[in-house]
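Below, chain A partners chain B and then partners chain C, in two separate complexes.
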Partner chain A sequence: MPPALCPACGALQPFRPELSLFAVLGLPEAFTVDVALLRERVFALQKRLHPDRFAAAEPATRLRSLEWSTRLNEALAVLRDPLRRADYLLQRQGVTAMGEGARVADTRLLMAQMEYRERLEDLAKRADPAGLETLRGEVEQAADAVVERLHTLLASIPSREPEQAAAAVRELQFLHKLRQELESTEEALQNR
Partner chain B sequence: MALLQIAEPGMSAAPHERRLAIGIDLGTTHSLVASVLSGVPTVIPDQEGRVLLPSVVRYLRDGGVIVGEVARLAAALDPHNTIASVKRLMGRGLADVRTLAGYLPYDLSPEGGMVRIRTVAGEKSPVEVSAEILRVLKARAVEALGGEPEGAVITVPAYFDDAQRQATKDAARLAGLPVLRLLAEPTAAAVAYGLDKGSEGVFAIYDLGGGTFDISILRLRQGVFEVLATAGDSALGGDDMDHAIAQWLMAEAGGPAADPLWRRQVLQAARSAKEALSTAEEVQVHLALPSQRPWQAPLLRAQMEALVAPVIQRTLPACRRVLRDAGLAPSELDGVVLVGGATRVPAVRATVQTFFQRAPLADIDPDEVVALGAAIQADVLLGNQREDLLLMDVIPLSLGLETMGGLVERIIPRNTLIPVAKAQEFTTFKDGQTAMSIHVVQGERDLVQDCRSLARFSLRGIPPMVAGAARIRVTFQVDADGLLAVSAQEESSGVRAEVAVRPSYGLSDAEILGMLEDSFAHGAGDAARRRIAEARVEGERVREALDAVLAVDAGLLDAAESQVLDSARASLLLALGGDDADAIAAAAKAVEDAAEPLVQRRMDNAVRRAMAGRSIDDWGD
Partner chain C sequence: MAYSKKVIEHYENPRNVGTLDKDAGDVGTGMVGAPACGDVMRLQIKVGADGIIEDARFKTYGCGSAIASSSLVTEWVKGKTLDEAMTIRNSQIAEELELPPVKIHCSVLAEDAIKAAVEDYRSKHGQGAQHAADSAAAS
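Up next is the complex of A and B:
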């Protein structure tokens, strides 16, 4: 029985903000997640916890349902994305990988990033869709490789190599951003 | 069947009894009401058997109100008091609809807040006008169902922002309708299809109405309708096709192009020709030229399709975007559903078929499908069906906050499943700052001025601290209807401010469309502007910090050090006046370097002061 529902009577329980995104779903804390299973679990719970199930209930119950339902959506959004999932697991062990105070200079990585960015700018300037497609393939491959590394670095939770894992998260974050920029550049070209 | 279920007086509250639930499609050109009768979703006609209620309201001098077909016919005679297409004004301010005012004949009141329309019966807000339409639909349902509906689901376009959704909910309240849920129109259409066909998979809903275009992608699985992505072009529809055909007719027939009566006649002929050509291969167009002999000419379907092709092509960028946002290729879809009267045009179907690589589904009447889906959802929400149905919508436009330099900090990206909550921490910018103003915006661009302002409020009573020490946590909560509430709290003091976002005005459809398109067209320009704005913020911060320190401790520097610092400061001021992000960053860095000895000495002094008069024991705990 998920923590949102009473094990005896199935009634909606008060919201517990301290529960982890894994605990809310009754899943073990791990980097390896079966996304199809995750989705199924979230929606099976949403069917019982979503505010639509309490359309006629009193405001306190509706608020409870809103809180649980919101948390389930958050769990789906964070846990289905390898970047956000890894960052969340590191946060749970007190390591800030992304955002303020996490900017670490790895010269080799910075050089590689600058090179990617220059190629993107160059391709955008030349309006070269085939080149963009090739670059996108490379970026996606690089991202897959980082995710593979994260599987090793986060094989045990808490991670025994949190700093390397945090560095991998930052690398993945860069690649995700780059892919987004690539996609909007490609789209702008298509719509011209 | 439902009409035969006569209950004994006093027995009507029996728990097993069906509770009356209705679904309403409150449309731009027409509206409908539907209900599930004996397990079958059914649209409810009026006494003359008409299903579509024209969304037109006429106000009379004696205070009377006429809604529907009769009002529509009077539109030409009494344009100031006959309100059509009021949906375009919902949740909008005067500034937002100024662009529409050119062709809306209404006399709009210049008062602040949502626009109001001056009529012989007084000033009317769009909420009131919409409520009149809802009252008529409700009466229709009461008549047919034999009782007051206990709950209603009302549909809104997927791209409707917070203000427009709130206005729709207010209109229902005004009409005495208990709203169970606001539902996105494409989601409602998917429900009508999904439950009807018992299908599973990923579907695109292509909704081309009279004046709006919506495209959504939904995943249907085990009774869950999950919106994966939604996009739209909110100033594009069947009307644009009519105009394209009319322009051609005008050029062919000649005639007084400036004469409004002539233009109306041509536009009407264009619309009729378009509708006829949905089934016929050729029509004869007849026009009565003013003071000349009648004009007539054949129009072939192929000709008509060439004329409207550019309009249909304009739907494709949004189709590409929605696929990209959903991370799908056309071949990965399981079906494409057509919604909206304009999808009856064969060329639209052909274009959709080519783009999505499959024949679109159109076996439910595209005018009725949204109301039918809403009726099903209402029935489920009131517990009438055992159906294990759950609808998960998304927010159509990103939500964010204004930060220093007029930049937008995106808090919740578009296409996030709702309900959703997100908290973000901000800090103070100046020493001793005790208040912070919070500006909530919606849109995809990097700069506040390019997004839509939703609400402003202030967090006051922050205890004075050095810049950057306060921790202000701003929380966004969007509920299942897509309505937003924002709260802010300073973490160390617990000072709170809260606001349910009830904006006084909103964007025009064209502006939302424009904002989305601009963000893709100008992505690169935005990034450059963002870099400059960020460099400016940092440069200003350095300058302010330096001035604050110099005001107190200028004496700690010797003459040579002072001179170096002064010249670095002057260079920074110069750079801040320009547009070169690198120059600003370099100048700010130079100031920080020049200030290094000063910072060091201040630190030493502070430590000395803090330690003065204390023994080591005091530091023990």
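Up next is the complex of A and C:
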């Protein structure tokens, strides 16, 4: 039984902010997550502890319900996304992978990024939707390859190779940004 | 967020955009990136036999502040020695461009890029000063 509800009577328990996003769902802490199961857990729990169910309850219970419910939404948002999930797992072991100040000096990675950006700029200029589609496929493939690497680097939690895992998270973040730009470029072309 | 006039000026008329041959002996290349904003910056310097930076080029994918910061740095480093170039601080860039606090990291990126370019040049020559002396002796 997830910790939000009493195992015996199912009553709403006091909120426990110290629990990890995995623990609130009763899931093991791991990079490999069954997203369908994750979603199912969150929705099943939300049904039982959502503030709508406690509209008539006393204020302390309403607050409890709101706290658990908010935490569940956060768990779903973070754990369904490989980038945020990996970053969260690293944070749990004291490693900051992402963040405003993070900088990367890996030449191989940066050259690849520069090349993607140059192609994107060129394709946007030539208004070439087929080319953009090809580029998007390549970027998605590259992102999938990084996620594969993360499965290895985060095979055990805490990770035994946290620095390499953090580097992979930053690479994934670059690819994620790139995909956003690709999508907005594609949209802009469609709306012309 | 409103950009300062100086940022807009550099953004609309960036100085020294382009590429130098990264494999050339007298060129140093620095690349840095900020994953949070997806910014990628490449800054290159061409160093004369006297150890003075005679040319600089940049290519930056990023926001206006990142482009302005790298553009400004290419202007500043021309005519400087490598040691002088290494003394450029992000705070000077931020001050010159009147960057707001949320854009300070763009100037940090430019400082990192010029340092990386100098280091790349030096790594090609063991030491920059040594190279300059050798070249002077050879000519």
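Just so it is clear, the second predicted complex is superposed on the first by the 188 of 192 C-alpha atoms of A that agree within 3 Å, B and C clash if a C-alpha of one lies under 4 Å from a C-alpha of the other, contacts with A are read in each partner's own complex, and residues count from 1 in each chain.
Here is the rule we go by: contacts are C-beta pairs under 8 Å (C-beta built on N, C-alpha and C of every residue); 3 or more make two chains touch, one makes a residue touch a chain.
Small disclaimer: the values here were computed from a predicted structure and weren't measured.
With chain A as the common reference, chain B cannot sit beside chain C without a clash.
Legend: residue contacts after superposition of the two complexes on their common chain; A:88 is shown touching neither chain B nor chain C. Judged by the touch definition given at the top, the superposed model places A:55 against chain B, while chain C stays out of reach.
In the superposition on chain A, A:66 makes contact with chain B only, while chain C stays out of contact range. When the two complexes are overlaid on their common chain A, residue A:191 makes contact with chain B while staying clear of chain C. In the superposition on chain A, A:74 makes contact with chain B only, while chain C stays out of contact range. Once chain A of one complex is fitted onto chain A of the other, the partner contacts of A:181 extend to both chain B and chain C.
Legend: residue contacts after superposition of the two complexes on their common chain; A:22 is shown touching neither chain B nor chain C. Of 20-28, 56-64 or 578-586, the segment of chain B running into chain C after the two structures are fitted on chain A is 578-586. Taken together, the two complexes place residues 181 of chain A in contact with chain B and also with chain C. Residues of chain A touching chain C in their complex: 98-105, 107, 109-111, 113-114, 117, 121, 170-171, 173-174, 177-178, 180-181. The touching residues of chain B, counted against chain A in their complex, run 151, 180-181, 221-224, 226, 317, 320-321, 324, 380-383, 388, 390-392, 416-421, 477, 479-480, 520-521, 523-524. Listing the residues of chain C that touch chain A in their complex gives 31-38, 40, 42, 59, 61, 105, 108-109, 112, 116. Across the interface of their complex, chain B is touched by residues 40, 43, 46-47, 50-52, 55-56, 66, 69-70, 73-74, 76-77, 124, 181, 183-185, 187-188, 190-191 of chain A.
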